[in-house]
Amino acid sequence: MTATLPGHLDHLTDRVAALRQETAALHAHLPGNGLVVWTAGNVSQRLPGTDLFAIKGSGVPYDDLTADDMVVCDLDGRVVLGDRAPSSDTDAHAYVYRHRSDVGGQVHTHSTYATAWAARGEPIPCVLTMMADEFGGEIPVGPFALIGDDSIGRGIVATLQHSRSPAVLMQNHGVFTVGRTGRAAVKAAVMCEDVARTVHVARQLGSPLPIAADDVDRLFDRYQHAYGQ
Amino acid sequence: MTATLPGHLDHLTDRVAALRQETAALHAHLPGNGLVVWTAGNVSQRLPGTDLFAIKGSGVPYDDLTADDMVVCDLDGRVVLGDRAPSSDTDAHAYVYRHRSDVGGQVHTHSTYATAWAARGEPIPCVLTMMADEFGGEIPVGPFALIGDDSIGRGIVATLQHSRSPAVLMQNHGVFTVGRTGRAAVKAAVMCEDVARTVHVARQLGSPLPIAADDVDRLFDRYQHAYGQ
Amino acid sequence: MTATLPGHLDHLTDRVAALRQETAALHAHLPGNGLVVWTAGNVSQRLPGTDLFAIKGSGVPYDDLTADDMVVCDLDGRVVLGDRAPSSDTDAHAYVYRHRSDVGGQVHTHSTYATAWAARGEPIPCVLTMMADEFGGEIPVGPFALIGDDSIGRGIVATLQHSRSPAVLMQNHGVFTVGRTGRAAVKAAVMCEDVARTVHVARQLGSPLPIAADDVDRLFDRYQHAYGQ
Amino acid sequence: MTATLPGHLDHLTDRVAALRQETAALHAHLPGNGLVVWTAGNVSQRLPGTDLFAIKGSGVPYDDLTADDMVVCDLDGRVVLGDRAPSSDTDAHAYVYRHRSDVGGQVHTHSTYATAWAARGEPIPCVLTMMADEFGGEIPVGPFALIGDDSIGRGIVATLQHSRSPAVLMQNHGVFTVGRTGRAAVKAAVMCEDVARTVHVARQLGSPLPIAADDVDRLFDRYQHAYGQ
């Protein structure tokens, strides 16, 4: 139990409080979009410009999640602030933050359709324009990895290296997404389940039509630059 | 950013405000019926008797949608009122309004089951009486078309020309519906996903029984004239 | 528009008001259990000991349903009280009330999984103990019938005559259920979709195991006599 | 109707009141997670250190469940407190409490995907890390058993004896789960449906990859000891 930041991080107190608040609020999108049951899944966010990130406490239910349930860790996954044990996925998140300085937020879920592709070890083919927009190609599969060391984090980073996708399906396990912010990673998790479901449904009754690779490129480039406000 | 209508449209101020309000409210049916995730999808409505329509701003979430998030455009898709960039589908909506004077409202979604049929490029066969009622036959498939010019709008108009259906499945993309009003287009989008799902489920375990063409005609004629208040 | 009961029914005013109120309230179970979209589906209830029943007005949305949206008809389907046109299924309900004096309530839906069985014209086999409890065997399929005369009502009555099931799947159309009360018919509609879905899912990956006919009988007898308060 | 505890149990009045309250509240997780429709399903909890347990009244709807709807029984399933008839599954719960002193809570549902596996009499294979975590292997199938004597209870106890799983699929029937507490049994019921659905979906398009038996062991051991707060 660590109720206040260590002295040398004291100047970050207000920013850390805001980060915990925002990270707690982002979690509502997970049950809200049907991506998690019970206490599974988590969102983390890096405090920009620091070696700290906030992540959900282990086994905390979504109903009554508050900023106090968010644990602040350093990039080795050690707790620096918070009354709770951090998510059992903290080591994976920490590994990704250490090796991907561009990543400011991460999400992990066992969302049904995406996890079903992961259970077969099969990437989701890019057969929808919205998939080209958000993922720029197929959603790739990472290795089977046990929890408890760097295996999951290494698998995420290695798999995403060869892909424009912000989502990776960890074999027999579930989905990990990354983003410049926590919100972007949440969006990728929501879209990942949505396209996993739609492509599954399409495949149940036949073969989805392919989208030409250069059309995928055009859609991805346009969406990444022109979409939103 | 265009906070007030140009001078020559000044007399429309009150009607435009009401249109934006009503269009914002219609959007609630999209997440309410499970047709959209995150910020995907949009509703537009023409201001009757004018060359203006209101449409959702690009990338705006559904949770906190207000009249101010609705952008008013002319029939070339140029913004005439609103602080936001309009939906990236604005050009498609504008094309349809230009070429179909009978259309007063449009909806676009990536709803799961309809989009799955679209991914296979397969029309939804008319095997349910409620499909005959609302769509008067199969729901047709339009061409693969990239966003960014008139391709999507042209595909919608050309495909619906040969059909009584107010809905078209754009290949690898999603659903576009039209109606005399925004509400009618929303209804078509809700019904389209409903029948796409039911026919999908029916097909998973065998072959749905066909409905004779003249029974489809009778159902369609009766429903279009007798249903409702 | 018939704002008050005809003179000879004047003594029923309070009971009719209560019936409309209760019937309106029962409708909440339809969207609440995912059995209907938009304005589809309806509940009706007979006023016990009379030749009157209340039914939903045609094309009325579920969101803002009140007692005033319930239309009171006689057993020929003629409106005796209410400002609205009655449901387009009123003739079917009236036919059933005329020919089944034991029926006090009816429900009609296009719920997804049950309607998918109906689209294939395939009865739902009794492979779940909860199906034996509530339906006493398979859920049967009635004929294809057009709306507009007695065809649907005749099909319902004829099909249920040879069955213990309170639900019938009308081919290419949807579900009709009956009960001693409106509440019992609503329960049958909820259970029908639930077992339609579960048996569908079971069948997707193989063959459900059969339940012996005398075990079905035992379960049905026990449930009809011993269950509840 | 038994409005007060028998005299020799009088000293338990406050603890029994708290147990009924907590058991009523746990029921909200069943409809909240889509595990039940109408009045199906139930949760029970033993009063620790006694031969009493609380269970849902028979046929009570979930909407308006209160502590008063919870019936308190002894381990022979006889009512000791409560105005209602207890759940028709009370004998099964009582049998399990009599034969498994480690069990403090139980849940019964007909949740869709788990019940579909049960209808085929097919155990759910352990192909997800979250299944290894919670169930330590496959979810086993118990025998077909009629309600009305000890058959269901015996089937549950005998099947779980050879398994680390807290859930059993009773053939053609549904799911029973056990836990040290009511909350643990509820969690098992929620997770059971979640993995039943995900593995079903995975199997629809091919074969899930197996997880090696010793990896299942490692995951189970870690989760049982390290997860949560």
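Note that the chains are named A, B, C and D in the order they appear, and that numbering of residues resets to 1 at the start of each chain.
Keep this in mind: a contact is a pair of C-beta atoms (placed from the backbone, for glycine too) under 8 Å apart; a residue touches a chain by one contact, two chains touch by 3 or more.
Everything numeric in this text was worked out from a predicted model, so none of it was measured.
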(request) Enumerate, in label order, the chains that touch chain B and chain C alike. (result) none
(message) Do chain A and chain D, two copies of one chain sequence, contact each other through the same residue numbers, with over half in common, or through different ones?
(response) different
(request) In steps of 5 degrees, what rotation angle do you get fitting chain A onto chain B on the CA atoms? (result) 90
(message) Using mean CA coordinates as chain centres, what's the gap between chain C and chain D in Å?
(response) 32
(message) From the mean C-alpha coordinate of chain A to that of chain C, what's the distance rounded to whole Å?
(response) 45
(request) Scan chain C for residues touching two or more other chains and write them down. (result) 204
(request) Determine the shape of the graph in which chains are vertices and touching pairs are edges (line, ring, star, complete, other). (result) ring
(message) Going by the touch definition at the top, which pairs of chains touch each other?
(response) A-B, A-D, B-C, C-D
(message) Applying the document's contact rule, which stretches of chain A touch chain D when the two form their complex?
(response) 37-40, 57-60, 84-85, 88, 110, 112-113, 115-117, 119-122, 144, 146-148, 171-174, 200, 203-204
(request) Within their complex, state which residues of chain B touch chain C. (result) 33, 127-130, 187, 190-191, 194, 197-199, 201-202, 204-209, 211, 215, 218-219, 222, 226-229
